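What follows is a pair of complexes built around chain A, which joins chain B in one and chain C in the other.
Right, the complex of A and B next:
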């Protein structure tokens, strides 16, 4: 059963609702057997792209090929893809077995063949003995498995997952992520996952596409995307919540930053650009006290302290803004602290969107040819 | 009794009084009168006369009303299904605009329209003749049981469609998309996935339509004046021609029983559904 996945080629795709296009001129090539996550906030076009792939939304222009077949204008029932819906979309009047076997019934398989395949799927998903139950008698996690089983039963060359885990509670979600990923690798299915959950995309996919306003802003492996977000938007979306506006200049082969309070910071390596820009960093990258390494140091006062378990979460107010910090050390409200961020955890972006888009390669992707000081100063 | 429940009772009292005076009282009177003859009772004399004279009409009534209910459901499901599953927005808009018009036409006007539409030289036959489908010498009118079934269905379809289309629209749209996505045609999605999910609404509207059609007098009077006819006509005839309230009320009780039969059928089905 391994290696059933198909390659997907999208060329100049334009798709939308009515006369307003959500996606325009999108190109994408998905390798057979790969797991791609479309990551973005709501309204970024990720679900629209998924619906265009499934045929539930008509394509305005461009083309979509799944395997050897051009499916651009094919209705959903004639496409070799199956979708797992956010609401699971199980049919409440049918048993679990009938739900899973429905796609096989449509393919005119014999009753014994359907029964055999359904019981195979049930045990694959750990649902043995649940075949006669109604979906309404199952828990959220079990329903999710049935929805997945219904899609897997027909051996789809392309599996589409529309936020399949968003209705599950945290612990079940953790398990299902790992299960779906393991299943996808074992069956060799080409899979496209739509999610707004950065962690989910990182854990499950081997390629992440960060989308905004119908465009792909960043395309790479989870690690590449995490370490080199390439734009302030992507950095913010991937957890770099803290931002400081700064003026960038070159000084003797190093980068000199002038912050809004007039203080100056020197970073190693030449400036990636000159002029107004933005520094972004993650709360987990910040520590209290001098790190002893090159980087950013800011004096401030704790204005909020939370303990979500594990590390403490603080909001620290400084002369250049307030920042969230995750620290192992316990500190009290009002305490004066010095924040330090290592240079290699700072992501630097020009503020001018024109300058940012000038570095965009065709197809909305950023050119990988960048100064090593930019984005990731390691 | 606590103060609040006494107050609640006071609030519903006017409504209860109206139901009691204008519905329960005449109902009890008519049922009692069905079991009385020549001022004596209880007796089944009225029922034996009703069956003797009108057993054919009773069966005919069940046949016409059941056929009309089935036709209504079939057409309403087709329209509601098209509204739910069609991809063409302009088709949906046109259909949505058109199908509701009969809602605002009273039965008696519908019956009058159907007289001229379905007659031997009516609009329908003339149209077929003009299209060359029928030979003018062999046309026949439809002003019999067929006319009644068509009139009832024409009048009831919008109401039933309104209910069913509403129920279909409130389904999780993804359950329809999931069917298409797995490879089901629109027709299969309608029959295997959509209709079973709106079955409770379907049964409610079938029961309501059945009971409503059972009580219509104008349509059998105007569309098919001759025998056999519906028992509403027989009831009117017993009263107007003979002042025979006993037999008329016996026929009334029979139509109550038919209506209750439809209600029991509906209740049994929904209860069975709840148990699952």
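Right, the complex of A and C next:
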């Protein structure tokens, strides 16, 4: 059963609704057996790409190959991919077993062969004894499993997951993430997941593609993408909510930042670029009190305090803007604090797209020859 | 005290309204039942003077007109359902699933036969049927009944197909089913309750239909409503009442069924 995954090659893909193209000139090569997450906000083109892969949306130009087969213009029923729908799309008039066995029935397998495969799938997903039930009699997590089982029953060379966990309770979602990931690794399935949930993509996938307006902005392993977002957009999408505009200059091999209130900050390492730019950092990277380490220090006042459990979440107003801070220490509204962010947690991006494109390869990715200090000062 | 008095007054008003509504519904029905078992009944008597089951025996006599009319009625109603469904299933699917231009216009088109005075329509239809040699035949009556039934069946079938989540068809296609296979395995079974309900409306509509049959079918085709009309016009209230009661049975039984078949998901999509 293992190692059924196929390689997927997408070449110059253009696809859209009617005359308006959502995706244009997209190239993508997915290794057999890998788990790719398409991450982005709604309308970024991730679902469009998935639909193009499944055949639910006709391709305008370009080509898609799954394994050895060119499926560019094949209807969904002639593609080796199967999809798990966001709504699960289980058939309420069929039993769980009939739902799971449907793909096999269409492939004219014998009744005993179908029954054997269905019970194998049921026990694989921990659904033993549920075969005779109707999908409507199941909980959300169980329905999710049946939808997954229905897709897995035919040993698909390519498994497509369209926001499969978005309708589940938080706790069930946690479990299902780990289960789907474990299954995918065990069965060697090539899997493409569409999600807007950054954490879901990080946990499940071994490769993340951050998409915006039909383009792939960042492509890498979860850790690479997290540590080096490479663009302000990706950084913001991956939780770097805090941003400051600054002017970048080089000063004796260090980077000098001039903030909008005129204050200056010195960071170690040469400036990755010169001119107007943006600093972004995650709320978890900020702490109270000057640590004495290299980095950013900002004086401010607490204007909002929330306790979501674990660490406190504050909004701190400073001379250069408001920032969210996650901090273990308890503080009260109106308290004066000093925020500090270590240098290696600051992501630096040029604001001017012209300046950015000078160092970026086509497709919006930074060239490998970029300055080591760019994006993340280590 | 005052509040209690108001409550009592409110309850009295409510009871009075309920009683009046019940009388409006059940009063005529009670009259029918009384006539069906009456031998002689004339003013000033509030109830029949003498009772009898004689007329029931006449109506249900195997050689009687009533049994022949009932058979004709049922055959015509069943054929009407077949014709209406043969048109409304593909039409409903297309209207619900495909991007059709003038979709609303097409839906309204099926309403047209109801919008004009039926007598003027059927006089003209009868004239055309005469020239075609169709007048006085069962197919002619079936055609007229089906035209009326198409309003219910197309509108309800459209709603029934629209209520089937599109992802359900797509999931079947995704697993390897062709358009047609997905339709047979998924879309049609899921729309079936709504379509059955529309079939019942068409069946009942045909069973009770009078005007069209009167102009197109008479005198060769005699349905139960025509028998009822003739009996009523001839002053035989007993036969008229018994026939009316016979016609009432399928209506009540099927309407109870329709209520279970048409879920809120389908009802909310009718005419959209």
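Rule of thumb we're sticking to: the second predicted complex is superposed on the first by the 370 of 378 C-alpha atoms of A that agree within 3 Å, B and C clash if a C-alpha of one lies under 4 Å from a C-alpha of the other, contacts with A are read in each partner's own complex, and residues count from 1 in each chain.
Throughout what follows, a residue touches a chain if its C-beta (ideal position, glycine included) is under 8 Å from a C-beta of that chain, and two chains touch if they have at least 3 such contacts.
All figures in this text were calculated on a predicted structure; none of them were measured in a lab.
K.L.:
Overlaying the two complexes on chain A, which is it for chain B and chain C: clash or fit?
P.N.:
In the superposition, chain B runs into chain C.
K.L.:
Who does A:258 touch here: chain B (first), chain C (second), both, or neither?
P.N.:
So A:258 meets neither chain B nor chain C here.
K.L.:
Which holds for A:134: it touches chain B only (first), chain C only (second), both, or neither?
P.N.:
It touches chain B, and chain C stays clear.
K.L.:
State whether A:83 touches chain B only (first), chain C only (second), both chains, or neither.
P.N.:
both
K.L.:
Using the superposition on chain A described above, determine whether A:123 touches chain B (first), chain C (second), both, or neither.
P.N.:
In the superposed model, A:123 contacts neither chain B nor chain C.
K.L.:
Of the two partner chains, chain B (first) and chain C (second), which one does A:56 touch, if any: first, second, both, or neither?
P.N.:
Once the two structures are laid over each other on A, A:56 reaches both partners.
K.L.:
Give one of first, second, both or neither to describe whether A:297 is in contact with chain B, with chain C, with both, or with none.
P.N.:
Neither chain B nor chain C is touched by A:297.
K.L.:
Looking at A:102 after the superposition, I want to know if it touches chain B, chain C, both of them or none. Which is it: first, second, both, neither?
P.N.:
both
K.L.:
Just which bits of chain A does chain B share with chain C as contact spots?
P.N.:
54-56, 75-79, 81-83, 85, 87, 89-93, 102-103, 106-107, 150-151, 154
K.L.:
Please give the residue numbers of chain A that touch chain C in the complex, ascending.
P.N.:
Going through chain A, the ones touching chain C are 54-56, 75-79, 81-83, 85, 87, 89-93, 102-103, 106-107, 150-151, 154.
K.L.:
Looking at the complex, which residues from chain B come into contact with chain A?
P.N.:
Touch residues, chain B against chain A: 87, 172, 174-175, 177-185, 188, 193, 196-197, 199, 276.
K.L.:
Quick check on the complex: what are the chain C residues that touch chain A?
P.N.:
Residues 165, 167-168, 170-178, 181, 185-186, 189-190.
K.L.:
Can you check the complex and tell me which residues of chain A touch chain B?
P.N.:
Going by the criterion above, the answer is residues 54-56, 58, 75-79, 81-83, 85-94, 102-103, 106-107, 134, 150-151, 154.
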